[in-house]
Structures are given as C-alpha cells and as structure tokens.
Amino acid sequence: MFAEIKGLNEECGVFAIWGHKDAASLTYYGLHSLQHRGQEGAGIVVTDGEELKVHKGLGLVNDVFKPEDFANLTGKAAIGHVRYATAGGGGFANVQPLLFRSQRGSLAIAHNGNLVNANSMKHQLESQGSIFQSTSDTEVLAHLIKRSGYSTLEEQLYSSLAMLKGAYAFAVMNENQLFIALDPNGLRPLSIGRLGDAYVVSSETCAFDLIGATFEREVEPGELITIDDNGLRSQRFTGKAPRAICSMEYIYFARPDSNIDEFNVHTSRKNLGKQLAMEAPVEADVVTGVPDSSISAAIGYAEQAGIPYELGMIKNRYVGRTFIQPSQELREQGVKMKLSAVRKVVEGKRVVMIDDSIVRGTTSRRIVNMLREAGAKEVHVRISSPPIKNPCFYGIDTSTTGELIAANHSIEEMCEMMGADSLAFLSVDGLTKGIGRSADEPNCGQCLACFTGNYPTEIYPDTLHPYAKV
Amino acid sequence: MFAEIKGLNEECGVFAIWGHKDAASLTYYGLHSLQHRGQEGAGIVVTDGEELKVHKGLGLVNDVFKPEDFANLTGKAAIGHVRYATAGGGGFANVQPLLFRSQRGSLAIAHNGNLVNANSMKHQLESQGSIFQSTSDTEVLAHLIKRSGYSTLEEQLYSSLAMLKGAYAFAVMNENQLFIALDPNGLRPLSIGRLGDAYVVSSETCAFDLIGATFEREVEPGELITIDDNGLRSQRFTGKAPRAICSMEYIYFARPDSNIDEFNVHTSRKNLGKQLAMEAPVEADVVTGVPDSSISAAIGYAEQAGIPYELGMIKNRYVGRTFIQPSQELREQGVKMKLSAVRKVVEGKRVVMIDDSIVRGTTSRRIVNMLREAGAKEVHVRISSPPIKNPCFYGIDTSTTGELIAANHSIEEMCEMMGADSLAFLSVDGLTKGIGRSADEPNCGQCLACFTGNYPTEIYPDTLHPYAKV
Amino acid sequence: MFAEIKGLNEECGVFAIWGHKDAASLTYYGLHSLQHRGQEGAGIVVTDGEELKVHKGLGLVNDVFKPEDFANLTGKAAIGHVRYATAGGGGFANVQPLLFRSQRGSLAIAHNGNLVNANSMKHQLESQGSIFQSTSDTEVLAHLIKRSGYSTLEEQLYSSLAMLKGAYAFAVMNENQLFIALDPNGLRPLSIGRLGDAYVVSSETCAFDLIGATFEREVEPGELITIDDNGLRSQRFTGKAPRAICSMEYIYFARPDSNIDEFNVHTSRKNLGKQLAMEAPVEADVVTGVPDSSISAAIGYAEQAGIPYELGMIKNRYVGRTFIQPSQELREQGVKMKLSAVRKVVEGKRVVMIDDSIVRGTTSRRIVNMLREAGAKEVHVRISSPPIKNPCFYGIDTSTTGELIAANHSIEEMCEMMGADSLAFLSVDGLTKGIGRSADEPNCGQCLACFTGNYPTEIYPDTLHPYAKV
Amino acid sequence: MFAEIKGLNEECGVFAIWGHKDAASLTYYGLHSLQHRGQEGAGIVVTDGEELKVHKGLGLVNDVFKPEDFANLTGKAAIGHVRYATAGGGGFANVQPLLFRSQRGSLAIAHNGNLVNANSMKHQLESQGSIFQSTSDTEVLAHLIKRSGYSTLEEQLYSSLAMLKGAYAFAVMNENQLFIALDPNGLRPLSIGRLGDAYVVSSETCAFDLIGATFEREVEPGELITIDDNGLRSQRFTGKAPRAICSMEYIYFARPDSNIDEFNVHTSRKNLGKQLAMEAPVEADVVTGVPDSSISAAIGYAEQAGIPYELGMIKNRYVGRTFIQPSQELREQGVKMKLSAVRKVVEGKRVVMIDDSIVRGTTSRRIVNMLREAGAKEVHVRISSPPIKNPCFYGIDTSTTGELIAANHSIEEMCEMMGADSLAFLSVDGLTKGIGRSADEPNCGQCLACFTGNYPTEIYPDTLHPYAKV
C-alpha cells in the first residue's frame, strides 16, 4: 500500500467465482478488496455458458467499472484480475484477464506470479509462427494450450502447466469450465471459499470476508482444480515439492485482515514487531510505524517494549497517482507529499521508527530526516524483516541487485546513510518464528530467497533480466 | 475522513498565501493537506498584481488540477478552497473561491463556515435587484461589499462583516490585497504562518508542515487582517466575544497532525481516549478503533486500560466516491464496503470498540454487527465524545434533530439498538478536560452546542432549515 | 459555414417553443438546424410550469446534448440557443440561455444580436451594486428586469427594452410565460411558426422545416410577444422605425433553405450571382464557387453567363475545430486544409471564381493561388456583394476597420494583392435588386452599414471597441 | 459521404510515405483527405529505422489524433489507415494499421479491400495453433507471413500474397522497408506519388493534392512494390489478369477531386449525368441532386438537358454520428435529419431528382416524399448508375441480395414504391461510356459485378456470408 515510496511492487491479484447469478458483481467486489495488489489495470471476464464477455481497462477497479458495465456482464461464472505492471510493461494490451477468441471457442486467463522461463518459451513459439498480442508472460500459456494437440481444455492445460517454471497462480476459463492452478512451490497465495453453492477463489482471503463467503482451504502447490456445473475436481499436475510461500506477503503485501495458510497477516506482523523488540531493544520515548504496512509491527514492538505507540507520521489519504510532484526548488523548500510527521508527537522525543522492509533505502532516509526536522531527539530505525539482498524473480518488482541497499552496504553504513541513531533488522530466524509457520518444513514453508539467495526453483539466464522489454 | 458512513460532514478548508512566486503551486499543496475537509470541489485564484486568474472544478484536488493548469496561474499571491457541499447544494457554480469581475476590478472569496442570517440577507438583497449566481451563502458577502458605498475594499469588507452572523473564516483577495477574517466567536480554526518572507494562512496547521512553513499564530476571533506588499496589518471589526472553537474539530474533523490553539489533535484525541477509559472502564481482551478518526482515541483507551490495542477493523483505502453499491440482495448476502473486521483478531474476544462520535447510530449498529459476525464474544462500544443532541448551524452537516439518535433515545435504548453489550459516552467535562484547553474561558473556549444546546450566537428562524434549497 | 477562413462570424441562433410535450427535443432539433449560426456553445432551458431546468455546454449541439440529458428536460415549453463567441469572449459562463434563479422565481434569456450601449449600462449597473456573472451583453437585460420596480415580468421586460439600443432578438422565459422581442429596426431575423397547437419561434425558418412546423409570420421590428397557456399576444414597445434587416444574412449567414421576409436565401443568392454576371461579365471556360456559401451565386452567375458551372474546389467535410494545423514548413510545402482545387477541372482553363464577400482578403489570395497551382490559366474573382468598408456593431464579428481590406485599398490594389486576373464586386444597387426586397422602404428594408457606413442606430463611443474585454 | 442514409459503405483508405522527416504529420493530412472512405477508426504506424511506433483509435482522424500525439511519432516513414467497419465488426482491436511485435522485429499492415477466402484460411491457421487478436481478415496475412518459412519480409510477403483471393490494396511495413501490393484484378484504387525525394502512396489522389505531392502512376494489378532507403523496386507476384476497378469508386465513393486511372471523378460523374440526360430525358423545371455525391451528375444532367440546376435539398453539415434520433412519434410529426428540401425552390415545380445509386430504396422513398411535402408538383427520379442487383464481396458493404431493391423488383415497381412520377437508371453501356475508360479492356477495365453478376474472381461458399461474426 506504500508502493510508490518503497519501490517494492506486487504483481497481481486473481479472483474467480463459479455458480452464482451475480458472478460479475461479486468479482467486482472481490477485485476491490484485492486492489492493493495492483493498481495499473483491472478486468473481468464472465461466462453465461455460451460465450465469454469481457470488460477491462487501465486504472483502479472503480475507474474501470461503472454501474452500466454490468448490464452486459451477465453469467454464472467469472474471473477477475487486478494488475501491477511488472513483467511485460504496461498498456491496455496487457490488462488481464487475457481473452483469446477462435472459431472453436474462447479462453480467458488471469495470472498472478512470474514465469522464469517465459522468454525462452516465447522465443520458441514465435519461431514456430505464433504471434503474441501482449508482452505479458501470461500469454505463453495460451499459445501452449493452442498447440498442445489435446482436445479438451483440461488436457491442454494439464500438459501445458508441465512446461512452465516459476511462480504462478492461474485462473483459466472457457465457456463451460473454470480451472485453477498453483505452481509446484506454492509461491503465491491462493484460497478457495464457498458462497452458498458457489465456489470462490481469491489471491487473498479478505475478499471472502467482503462478499460474505466462507474460507474453505488453500489451493495446494502443484494442484490443478476443475470447477464446472458438476462441482469441483482436484488433480496434481506435478509431484510434491516443498511449499515456499513468499515471505513478503506476510511482511508487506497482503492485507492485514487476510490469512495465509491460516496465519492472520496482522497478527504475524505484530509478532514480527514483538520479536524485533526482543532482538533489538532500545531506550526510547515513543514507537511509531510507517503507515500503513508497518503499523501492526509498530504496535507489537511498542507492546513488547512497554513504550507508548503513537501516530508519529500521517499518510495523506488522498494522494492519487496523478499527484503533481513539487519541483526540485519546492522540494528543497520543504514541500512533502504522502507522509507528514506529527511534530507535537515527536518533538524532543527519542523515537523508534518501525518499517517493514528496506529496498533502496531512499525512503527511509527521507523519513528519518522528516522526523528530525519535526524535532525528534533520536531516531532509531527498526526493520521488521531481514535485509533484502537478492532480487525476486517470482513476481515482485524489487530492484536489481545493484540497487538493493542491503546487498551493497553493511548495517553500519546503512545507518549512517539514513542518518539514524541506530538501525537493526529482524533476523531470518526471527522472521520464521514470528510468522509462526510450522518448523517441520524447510524454511518453515516460506520463500526466503530475497534474504538468503536460496531460490526454490531454477533461475535461467533470460530470467536475469526478467522485465526486459520484448 | 469517514464522512460517507457517519453523515457528519465538514464544510470547507481555506488556504491563502501572499508574497511567493510559487503561490499557486503552494496553494495546491496546501489544499491537498486540507482535502479531508471537503471533497466536492476545489479551486485556486491567483493574482499577479494586475488581474485575478482562476482554476476550479468539481472533484478532489488531484482531479481538478493538472500540471498544465499551473502554466496560467502565475502570480505572487493566491487563495484556495476545498468544499464539502452543505449550504446551497452542490454544482460547479458553488465551487470556491467565488470570483466576481467588474469593470472596476475583480474580487475573490473563499469561505469556511456557515452564516446564520444568510437567507434573510439574500432576500433583502434580491429585493433590491441583486442577482445571485450561486446558491452559496458566501456570495452574500460579495453583494454587501458591492453595495457598501465605501471606496476601498478594506472599508467595504470591514463594514460588511458587521452584518454577518454565524461562523466564518474568510479569505478575500483583489488584485493587490489579501484579507483574512474570522467570526467574533472564532468558531472555525484559522492560522497564520510564514514561509520565508511570504505569509501563509490555513484552516489547519498541517498545511504548514506540508509546504515547510512555520506556524506563527492563530487568527483571533473578530480579527480582520490585511496583507499586501507592505506587510500584514491587523484590526478588530468587533469587540471581544468569548472564543468558541468547534469541539468537533478536535474530536473528528481536523487531521491528527494539526494543532488548534496549539493543542495537537492526535494528542487531544488520545487524551479523550484515556479520559474515556477512566470514566467508562470495562473488562475486555482487545481495544479497537473505527478507522481512521478513532484510532488515536483507541490507542489512548488501550494504554490507559492496559488492554492490547489491535487492528480489529480495516478500512478499504481504494473506495472512492463512484464505488458501485451492492444491491439489497447482495448486501444481505454479506457484501461489505469500506470496512472489514479482522476475524483472527476479534474471534472469541471481548472487544472494546472505540468510535469518536455517533450521529444517527446506523453505522455503529453495522459495525457492532460486523464484529459479532467475525466472532467477537462481546462488543463494548465506547464513544470518545458526549452524545450529539442538537444540530449544528455553523457549517457542520449533522442531521436534523429528528435524525440524531442521542436526541431521541436514552443510552440504554441506543445500546440495545446497536446490539452492543455495553455503551458509554465521554462526559462533557471529560471532553473539555481531555482536550486540555484553558479552563479560564467559558466552556474552555469551545463550542459545545451540539452536546449542550448552548449556541454561542443567535439562531434565526430561517437558520432552522439552514440548507434549504433556494 | 466557412467562418474560420473568412473571419466573418455570426453571433447566435435562437429557438423557442411553447405548448408541446416534446418541447426540449424539438428545441434540440431546432438548434441543430441553426448550428451554422454558432458553434461555440449550445443550451436549452425548459419549463414544466413549476421550475426551469437547464442543460448547456461548450461545443456543437451534438457534443453538448446526449440522449440521457433529455430525461430531466421535461416540460411544455423551452428556449434554446447556439452561440458564436463575439461580445464578451468565450467560456462556459457565457453559454446561453442565461439562467437567473432567485427566491421569487427563475428567468432564462436567449439572445441574438449585439447591444450598442451595453458597456455604459453595465457600468451604471455595477455602480449601483450589480454583480455580473457573465461578460455577455445579454446579462444587462436581466439586471434591468430585476431593478425595474414592476411586478410582472411582462411589465419589467417592456420597460427594460426601452433602455436597450442596437440589434437584438430575445427569447425570455420564466416558469409560466415566454416572451419574444425584436429590436426596433429588425436587424436580426426572427420568425414565428405553428406545430399543431404549439407556437414555435426561430432565428431562421429552416428550423420549421426540420421539425415539420408551418411558417406563420416574421416577428416585427419593435414587437414584444407574450406566449402562455392562453395563447399569443402582441404589443409594440416602440414606435415604427424603418426595417433594416442585416444584408449579410442573405449574402452569407443564413442557410440556403431559410426564407427571410419570405425571400428564399438560395434564390436571393442565385439572383445576386445573375446580377453580378450582368454587372461584371468576363470571357471564361468555367465558373466555380467557394463552398459552401458561394455555390448558389456561382450557379446563378454560370446560368446567366452561359458558362458551365463546375466543382472547381472541394471543401473537406471532416475538418473540425480541433484540426491540427500544418507547421509553417509543411504549409510552404503545400499542405492545404479545408479546401482543395480539382486539378482536372481547372487545369488550362479560364476560371471565374465566385465568392460571396471579402473581409480581410487573405482567404481570397490563398484560393486564387491554389487555383493557379492547380493549373488555372486565368482566375477572375467575382464577389456577389459590395466591398465591406465598415465594421458591424450589431452582432457580426467583422474585423476592425484597419483590417478590412476594402476599407484601405482600391479594387485594383486588391486585385493585385490577390494575384487575380480581374476582380469585381456587386454594386449596392445590384445587391438590393438581387435580393428582391421591396424598393418602397429605405435601402429596401436592409441594413447596408458595412458597405455604406450608414448605421441605422446611434453608435456610442464605447461601441467602437464593442468586443473589448471587460 | 452519404453512407448512413444509403447503406452503401466503403471499407477503408490506405496511405503510406517513405523518406520524409515529417512522415507522421503528412500521413495524418493524407488520412484526413481519405476520411470519407472510413469513419470508424484511424491509425498511423511510423518507423524511425529502429522501431515501429503506433497511435490509433476509434473515431474520426481528428478525434484520434491530437497535436501531442505526434511528439512520439518521429521517423522517416509511415503507413496510415482509415477504417469503415465491414468485415469482422468494429472495436478497437480491428483498427488498422495492425501491429505485430515479436522478438525478431515488428510488422505493420494496412489494408483496403476484402479477402474472399479469409474464413477458410483462418480456420486452417487456428487449427495449427495460431491465435488471432482481431476479427479482421487482414490479420490472415500476418499469420501467413510468420509461417512462410522464408527469412526476409519480401520473400515472406511474396509467397503469402499467392494464397490470398479477393480485393486488396496492402501497405506493409517493418523497421526498414515499406511494401505495397495490389490484388491481381486491381479492384481497389491505389496510386504512387512523389513529394520531393519521398515516395507517397494513397488510395486516392486527392491526398497528393492536399500535401503538395505529385501524382506519378497507379499501382498495377498484381504488383508488389518494395520501397526502402535504396529507392523503389517493383515486381509482379502474379501473371496478368484483366483490370477490374470497382465502378462504385467512380459512381459514389471516391472524392470528386480524385483521379482514378487518370479519369477525374467529378468529370466522370458529370458525364454520367449527361449520359443519363440523353438516355432518360424528361420535361421538367429544375434539376436537383442528392448531396453530396450526386451533385456532379445533377449538374451534368442539367447542362445536357438545358434545365436549371438548383439547390433543391440541403444536407445538414453538422450531423455527427452521435446525433440523437427523433422518436417514432416525432418522426411522424415531421422531424427530419440530415436532409432538408428547399421549399421555395421546389414548390410548384416539376423536379428531376438525381441520385447516384439505389441500394435498398428506402432513402429514395423518403427523399421523394420530402420533395412532395415541400410542394414539388412532379418528382422524376434519375439514377446515374445501373440497378444494383448483386452483392459485393470485395469490400463494399452492400446489403444481401434479399435487401437489394433492384434485385427483387422491376423498375415500374420501384417507381411506385418510391412514389415517383417516373424512374430511370443509367444503362451499363452508358456507365462505361460515361466514365470514359478504354473500351479495349473487358468491361472497360471495370468491375461491374454488382450490376451484372459477373464477378472477376472466384467466390467461395464461406464468402457468401462474408461478414459473419467469427
């Protein structure tokens, strides 16, 4: 929710529903609760059993959908998508769900994640005459399906999934069936719920709460689910691989009211804050968190440390994407956007500033500076996750290694660069312990690659520039 | 910030600057930080010493102003306004600053407040041939000025202010001078700051922080300030009246990082929460606040009561004004907008739910219900202000007396209507003590009329329907 | 219809209807047929007997009105207006009908023409405290009405008209009555028709044909007509003055299918062409006219002269107002907009080029040049009206005297400036004879001021810069 | 230009330029002069030698392109397209030029015409795994190119053209080369011109006049032209077939100022009118033509018959595509759009009404009726082309045979259906003679299929519903 400042951006959110006469409206509400996962574009494809109808566009869910748009979106099932533009760049052609029409029927695909072998596959497919309409890695799946040689979409999909590598949560729909697939490591979150007789699928469980649906279970790594008017069938398209759910979902991306593998995100974050207070205590007068994603951790730190939690910073709620940036001259004069320090709260105080993570470090420096200008006597920065030292290839738009501050500097150097009085990160152990996932699995079932460099899948040469423009 | 749910709406925010070459841009940033005071429309009028130029429109500051708009807004001084449509209804004609051009020069007016004798004056002026272009009470001042018989704007304004009654904070500008005026009771907040050599005026001090200006002092009740290239001059257009700053500014409207009469709003709210915890304690497991305006009070309550503060509810950040409302059918099925309960936080718990105020009570009922559906074992509602029993005639769009739940029901009845396990309000004494204003003044210098019915000014028959459409 | 090239622009078109349940739709169609009289803005005010409802905006009739806009415009009577921005400049505030609301009822005014004493009256009214919301001279009438001291709108209007000087055709409406007024000289055209029981009023009769109404009669100079549910009543607000209908209506402005004082415009123009052929014959191979307004005259010239009429120039139908102009460089390379010569028609030919009038002469020069580049052996320019030597103060935006080519140059000089082989204008006598109006009235009842300098009304000093920005 | 009334719609216009630094701007002007060939959408693709950049959209050229759009469209060559939606339906995806990007480079295609074997080829290509992004037949060429197996675009294109059947004029461009191809029968017009050193290609020569280019020659049937920085090379991709240029281009579609095979369109039309006057004379008082496309023929008829030509009908210039249609009730009351009769011209007269062609006959009936209502004593309809009895499969959206009035009724029946006093069509011989093309070629080198049923190419079963929605 703090994406523009942090430079740490999620790719997408996926929602699907089967068997409800208000499929499109419910998908709209679902996408709304997933809005924090992508603000570049949104779309819905609906099926009435005869044909697929689509509405999508660039912008927020509210910008893209107007009441009149739903008159045409009648049907019993739908898939929806919110997109943050990482792989493939922006533009209308990349807004999902992608819809492919042919004389034999239509096909819609919504995708959260990032394929690590997309470029190679695209190269091969183009050599064989395929023409891509988008620059998104998602379209690779459509071409694999069309060339699979099998006759049913289920078979086509099953065989195509075997060729994909990386992180993916797919919702695929034709006129009569909905398919849900999660990558073998389960890098992205994906849950199934029920709303009366209807099946609901969402990247995050907060969408279930919004529409009054009941959480049923998580989609399992390597699972291919088929939903149609006969109900739900599950099969595995791959053998067992260790779960490696993205840690950043707990730390930063997911909404506090979502649960991932039944762990509530707010609670996990608060525990990370408590853990951090135990690992890196400091004498101080107030604890404050960078809104919104660090509030839970800050409350936890404050509670554990016995220091009052205060609103030391205010986020400007109305800053939109078109906000006019102050010129350099005005910026130097002090014009601040997005965040303001609350002078009366921090003036003359020793402040613990909790942030959930650090990518390039520029934001942190600006916040420390802002707190000092507002009169803070000391500023102690505490980060409720370990240092990010490695890029992500699974759908999170961290910068390249060269830009990651923690990949190139010691903690002391970072502390000095930020102008903080002290700086401490949570340990990797503290992270896994704090989230509270089962210690029986490797890495407690988490992907920790951005902290440790241990990637759960192969990484290909062409992945090293995963977002190169085709 | 929770206006649509609560039905408690502020009228406006005013910003002005004199003596800075980036006057329009700085006003834009200033309005941005006042956005919470009005989302219906925004506008800026700038003077370059020769003519007044204007840009305004319906919508948020970001919707109304695009970078190219500033090319034309060159000048050394500007006044700006954000509007919430109360008196006079909506529509472009009412977006402020109002600009009046004549062969003798132009005049711009921005206004926060509500005149209690506007309808009578309008009637008289129309009888004398005046034609009103807006339905706003603000335009009355322009007609008084034009008919005053004096030759300088300062004299015209001085004599016209004598005829106004009610709450008002005015910024008035012609080609060469800026005037600032506050009503005799100082019902609305208005502060002066400095940015280098420039003078800055704002409804709230948070605008000073955003643009790097320094707070100088509050505008005094009954003060008329003239600012031009010779500097600032102050005079009184009325004798001393007791200050009666609107309590709801502290309780609900103002931004937590603003200070009013040097009391920080967040700190005041936190103290109201502490006070409430002392007045109305309860055995419970968690304290949670209705976001965003009740968070500070909730933290205060939790700290005082020694009960953990938790994020029990999440506000949907991306809900805009065009959001498509769920149909009755979908609503019954559970589709919720704007607020979600965090099930894992409240499930099986005894919850203290802090809200800052109650107007009609419908929102509170819905929130209590939502918390119960999310599994809360008990819900204890604590309100960090006294019961609102009387309408406001000074610019806050509370409902009529008939709709005010506290005007028509006992606390026990309200508790039952809400479905809460217990309900308590802060006392009026607790309110004045909590805010911390000087006890030397009557009501500690606050307007408490909505709680007590003691209005600091006369109220006229035509004020009783203050927002009647002309 | 060739306005952008010629620099000769009409001010407005007025339409009104009383007593038809589709009043707004019919006004919309009426405005559509008057679109050539003004393309800057359009508006409709409708009354249902209880209140006035308005819809207006900048742009063409089709841009301003969408089907859904008519849902709200229910009522039995309406007035409408298309505007070309002359007096008072452009901008939304000046789009008519102007609507004035007060506590005693509303008032709408639509106006075609130009008041020659507007500036003086405005000055006086402002001195007495009036605030003008537009910069249009039309608003003067509203202020006179409001200050008249009479109690009925009919009396107010009657007495106010006595104070106006210049050219005007007014439609004024309140909740219950429609008033139509024409200036004492009848400088602007205005006709009354019937559509079943309904009364229809229009600047041009072509609107009657479009909606299936029957022409009844012209509004007479100095006539004030009252239409309400009791029918139509006529009275004179001034003594008899000689009719002086604008000649340019026949020559250039009006649609060929309109009749003015029962003379068909196309037929008049064709006769002007015939007259011109008699006055200024020439040996030539083809006759061609500048589209669209000179086609009729060209056909007349060809018929009289016995020379074939050909499409020697084509007007680009799709050129809109937003057309991107070629850069100077591209222009020199030959990029032409709006008009193309038909090479195969003019190549090697002696061409008579008919134009209806010349203002600044720049367009004529460009057209002659274009014909030569397309291979014309000779180009003989024939103008179907006399030289324009004097500015118009009655609503036509001719340039100032300094810019009128015929005011500053002899015919020989003009011919050379244009690069034509010969140049001739129609005589003033030829003009009055060609149009065919009664020779019993002075000037055959026409205003010939732009040709002769004999203005039918007083002209005031402040009129000399009639379009000065206030 | 009368498309909405007649139901006879052209498909497209193509423009291309190579070797000019203002390539995009000049293409914009060129498209502007081709606007009459398609109003549904427009687009430009430009190459700077490194990459292809595109801008396109739905609407008129002026709606789609704004000045700022050209900042990005830098390059030395461009192709452009205006589209009328026939084959494949409307929608943004079908707006041309189509642009296909791949890892090996990009490819843009603009097309005027219609392939008669598109559906079969599409079926085959999809069976082999191709995914189509548009429903346009144009995309077939792209897929054939991608699958051709050759390595240069010239070879790929050469071999792909061999598989196409029907009418087509293609402009194909990659980063470094421009290709122009015309079908073996030359069914669509396409000309080459020079602008300094640059090469220019256009569907009609009027575009050359607009931008100051010089006509060089027509593209020959079956010719494939390659243009790059080395100049222009021509080759034939097919043996000689008889030219069969669409007759309707002369009769109705092309602009009067264009030349096709060096015959000027206006002159041809005028000659058709003269021919018609000889074949079907009638005693009458005035000749009038349906604007705009029948004006030339009407002038010819009048000249030959010695009857005065008059503006008997006026076309409403400002009727746009969004025009609000009158309800049935209003229509019956007489509300007319688009065309008005000029009462004073036709009243009491025997009128010859010239129209260029008749498709369904409904428009003619309405016009005859309109003339009678305006007082015409007799209405003699003369059509300057033979009866259309057969559908077109080459890109003109005539109705199906069942809807063609002349396919189902005798001339007497049609005359009665129209309510005319007499009706006559031009003979096929009169048509070929009137246009004036060489009698040495079969059909004088024209396609007369819509009159005679002799199609110059094979017609396939799937062509019989050529516009079926995929």
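General observations
We call the chains A, B, C and D, going by the order they appear; numbering starts again at 1 in every chain.
Going forward, a contact is a pair of C-beta atoms (placed from the backbone, for glycine too) under 8 Å apart; a residue touches a chain by one contact, two chains touch by 3 or more.
In this text, all values refer to a predicted model and were calculated from it rather than measured experimentally.
Averaging Cα atoms per chain gives one point for each, and the point farthest from that of subunit D is the centre of B. With each centre defined as the average position of its C-alpha atoms, the distance from subunit A to subunit D rounds to 51 Å. In terms of their C-alpha centroids, the spacing between subunit A and subunit C amounts to 62 Å. Once the centre of each chain is set as its mean CA position, subunit A and subunit B turn out to be 36 Å apart. Shared interface positions of subunit D, i.e. residues touching 2 or more other chains, are not present. Working note: touching chain pairs come out as A-B, A-D, B-C, C-D. Of all residues in subunit C, those touching subunit D in their complex are 1, 22, 25-26, 28-29, 32-33, 35-36, 39, 60-63, 65-67, 70, 195-196, 206, 209-213, 255-257, 259, 264, 266-267, 270, 292, 295-296, 299, 303, 308-311, 314, 316-320, 322-324, 326-327, 329-330, 333-337, 340-345, 374. For subunit C in complex with subunit B, the touching residues are 100-104, 122-123, 126, 128-133, 135, 142-143, 146-147, 470.
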